[in-house]
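One chain, chain A, links the two complexes that follow: it is found with chain B in the first and with chain C in the second.
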Partner chain A sequence: MSEHVVQSPLPGIFYTKPSPDQPPFVEVGSVVTADTTVGLVEVMKQFAEVKAGVNGTVTEIHAENESIIGPGDGILTVEKG
Partner chain B sequence: MAVEIIEPGLAASIQDRGRPGYYSVGIPPSGAADLRAAVTANLLVGNPPDAAVIEAPYMGPALMFDAPAVVAVTGATMPTLLNGAPAPQWESFPVAAGDQLTFGFLRAGARIYIAVAGGFDVPVVLGSRSTYALGGFGGFGGRNLRKGDVIPVGRANGGPGRAVPEELRPAYRREIELRVVLGLYDYRLTEAGRNCLLESEWTLTPVADRTGFRYSGPVLEWEERIQPFGAGSDPSNIVDAGYPIGSIQVPGGVEPIILHRDAVSGGGYAMVATVISADLNRVAQCSPGTRTRFVPVTLDEALRARADDQARAARLREALEATR
Partner chain C sequence: MRKLLVANRGEIAVRVIRAARELGIGTVAVYSEADQDALHVKLADERVLIGPPAASRSYLNMDVIVTAAVDLGADAVHPGYGFLSERAEFAEKVTAARLAFVGPSAETIRLMGDKARARSAAEAAGVPTVPGSTGPVDGLAEALAEAEQAGYPVAVKAAAGGGGRGIRVVADAAELTEALPVARAEAQAAFGSGLVYIERFVPNARHIEVQVFGDGQNFVHLGERECSMQRRRQKVIEEAGAPGLPEHVRTAMTEAAVALAKVSGYSGAGTVEFLYDSARGEFYFIEMNTRIQVEHAVTEMVTGRDLVREQLTVASGAPLSFAQSDVEFRGHAIEIRLNAESPDFGFMPSPGVITSMRMPGGPFVRIDSGFGPGSEVSPFYDSLLAKIVVWADSRAAAVARMARALDEVEVEGVATTASFLRRVIGVAEFREGLYHTTFLEDWIAGGAGK
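On to the complex of A and B.
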């Protein structure tokens, strides 16, 4: 088993959920595929979806909801498999 | 030849030196937000300075070339990859038919500029190839680039291997001072409000695009008055006036906005200061979180700064022409 850290592609504000009154995209233990959206980064009034990029299980979430994030910052860790 | 957009990045658009002369009828100048970087990219590939380039904020696109070409990437520091192998920035390099140009994560600055020898050959609208996406005209189809777009490139005569000397490349910082000329409406602030504008550290928010750059920080205090006829009821409102590019408005006294090259041409917010023209390219390379101070200068100082900036541009042009 190997780990993959999903990184933010953009500078901006990170969101763990699609809207404030909805549950987060993923939580620790969520099973994801490469195409699963794990969060949003807001910049220039646009919301860019961040994809998991690999198949596996979320083991840790690093970025807090509505925190300022930079390109390359770790969002969460996925154990591949 | 043509370039295909494999992935569009985020709000990438075709820009040139812009469309001056129509602001009085509501059409902003548009053009590259960092004009210096765009012109430099053109000079590196042997284009005239006003050829059209791709401007890509915060995130690089993925491009494919259908014929051999010469390419240069300037502006923000962002790992540049040709078929996955590192390629230089601030230096022209050759690409072959079928080659793909991609980018890593942004490291410094905010916007990259991609020039291809021959220039992107989109229609000229009101004297410019620049995209004005809010207005829906110019550039490629009047909009930002999308996956699958195929952008024609004009005839070229540039060569690879031309590089910007290290000492003439910009350095991007997360802490910046921007020079401003106060006015026209700074008298609407109290003395405390003016001091607060000039003595506070402002942080660039993620609302930072071609229209304007919005900053978070303290609340500014306005002089009380009975609002004149035609002005809105908030003390930051004025009777509508023209907005200079670079002007700073502070709606409601919170979150100053620096207008940039796709700005609306006028409205009813007091402009408390204007960023000098020599610093507008530097604004364009600020990414969210950049800590910013506004430093007041006189109009004479602003004009001297513009002359100095133009002299630096001339030195760069000479250096590049010497390597031809």
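On to the complex of A and C.
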């Protein structure tokens, strides 16, 4: 078992959910695959999906909804497995 | 009008500030924490911080902006384009604070902002509309019946959508059945309303729009613009006028646009967008934008009229400064939108600090930009770096001038679309003026964009 911190690929505004009135993409305890979308980064009015990148379980969420993030900032931690 | 608050940023804020200054009107810039050193902030007489970088908390914050205008003694507000420019509620708040809103009435903004109601208004003015449902469709049965009547392929459109967003094209009844609930859910999520309507989809359509102006009593047009060169339904290149448009179509289209301005008692600058079916030689109303457009500069170049100055004088209560018979067209103008995006990497946005920026010069070349060397292109707003606009006495000369202008562009620090645009300018379909709204995406998909 090892941990993987999903990082933002871009600078911008981070969203934990697809739209304000919808539930978040993932929560602590969510089981994800490498291809699971875990959030969105809005950069210059375009939305980039952030993928988990590994299979496992979300153990911690670092980035808040609508927070400003930079490239390489940690979004959440996935315990691989 | 003595003092104008400009409720926008970037090149359009700079454009408005320049027009105001030429009229002797004082200017107030608003800015977010990300824009402290922006050009529009430097050029204005006064400036006021309105919030953090996210647009939802600064440039879209109506109450903060109206309060700032009142506190600083402004007597008018110019919304620019995008942001709050087509929000009827903002126009209402500005007017309620006893300030002049530079644009049409809230009522007109609301009418034209609702695609289904706008379409009804167009029909009432005798303006041709795309065959399809006259209003939102209720259930699948009604959608299928409307689609059958209009003829496939059809587009499913969000009633509250705009700017090419919230549109799905389906080829037959089976696809429509599958797409309808998805389109509804998307419309609800994106625009806060799940209402959709059905329209015939025209393959190889051209997007041609007409610039109109009104003062509530008099209504004129300033010719058409060709805006078919689009990527992801965003305009990339615009021209005044439209290449190869038959004269009788141009006449009918501009007259239709004026008729729509007239029925709505229009005041200020507006644009009536049409879809042109060149195979049938027919045009259909798409929507009316109740604001100044990004591409207004090409119209200014061929008419010699300052549209933003006219917006300000009309908003001050003056009548239109010219009649239809005064509007003359000379030569041809082309605009390209230089974006901070990387064409080699799927047009990925490229925020960063501009370390050097050389824009083209020479005769009949106009640059509208909110940036310069040392400016930061922030990730929070759109990627428009500069508009390059050229004029020449013929279209062929304008194309050659734009190619030359693009060759002079040199920007370091952020990626730009200059090299991509230069290739598009050189393509036979562009040079000959034979392109439609899906041309560019097909060309990129075919690998020719690289």
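One rule holds for everything that comes next: the second predicted complex is superposed on the first by the 81 of 81 C-alpha atoms of A that agree within 3 Å, B and C clash if a C-alpha of one lies under 4 Å from a C-alpha of the other, contacts with A are read in each partner's own complex, and residues count from 1 in each chain.
FYI, a residue touches a chain if its C-beta (ideal position, glycine included) is under 8 Å from a C-beta of that chain, and two chains touch if they have at least 3 such contacts.
These numbers were taken from a predicted model, which means no experiment stands behind them.
Peer 1: Determine, for the superposed arrangement built on chain A, whether chain B and chain C clash or fit.
Peer 2: Chain B and chain C clash in the superposed model.
Peer 1: Given the touch rule stated above, what does A:Gln46 touch, chain B (first), chain C (second), both, or neither?
Peer 2: both
Peer 1: Is A:Gly72 in contact with chain B, with chain C, with both, or with neither (first, second, both, neither)?
Peer 2: First partner only.
Peer 1: Examine A:Gln7 and indicate which partner it touches, taking first as chain B and second as chain C; both and neither are also allowed.
Peer 2: first
Peer 1: Contact-wise, after the overlay, does A:Ser19 reach chain B, chain C, both or neither (first, second, both, neither)?
Peer 2: second
Peer 1: Of the candidate stretches 146-154, 254-262 or 344-352, which in chain C collides with chain B after aligning the structures?
Peer 2: Answer for the clashing stretch of chain C: 344-352.
Peer 1: Once the complexes are superposed, what residues of chain A are shared between the chain B interface and the chain C interface?
Peer 2: On chain A, the residues that contact chain B in one structure and chain C in the other are 10-13, 43-46, 68.
Peer 1: Any idea which chain A residues touch chain B in the complex?
Peer 2: Per the stated touch rule, the residues are 7, 9-13, 42-46, 48, 68, 70-72.
Peer 1: Considering only the defined contacts, which chain C positions touch chain A in the complex?
Peer 2: Where chain C meets chain A, its residues are 53-54, 56, 189-190, 340-341, 349, 351, 379-383.
Peer 1: Touching chain A in the complex: which residues of chain B?
Peer 2: 10-11, 57-59, 105-107, 110, 206-209, 287-289
Peer 1: Provide the residue numbers of chain A that touch chain C in the complex, in ascending order.
Peer 2: So the residues of chain A in touch with chain C come to 10-13, 18-19, 21-22, 43-46, 66, 68.
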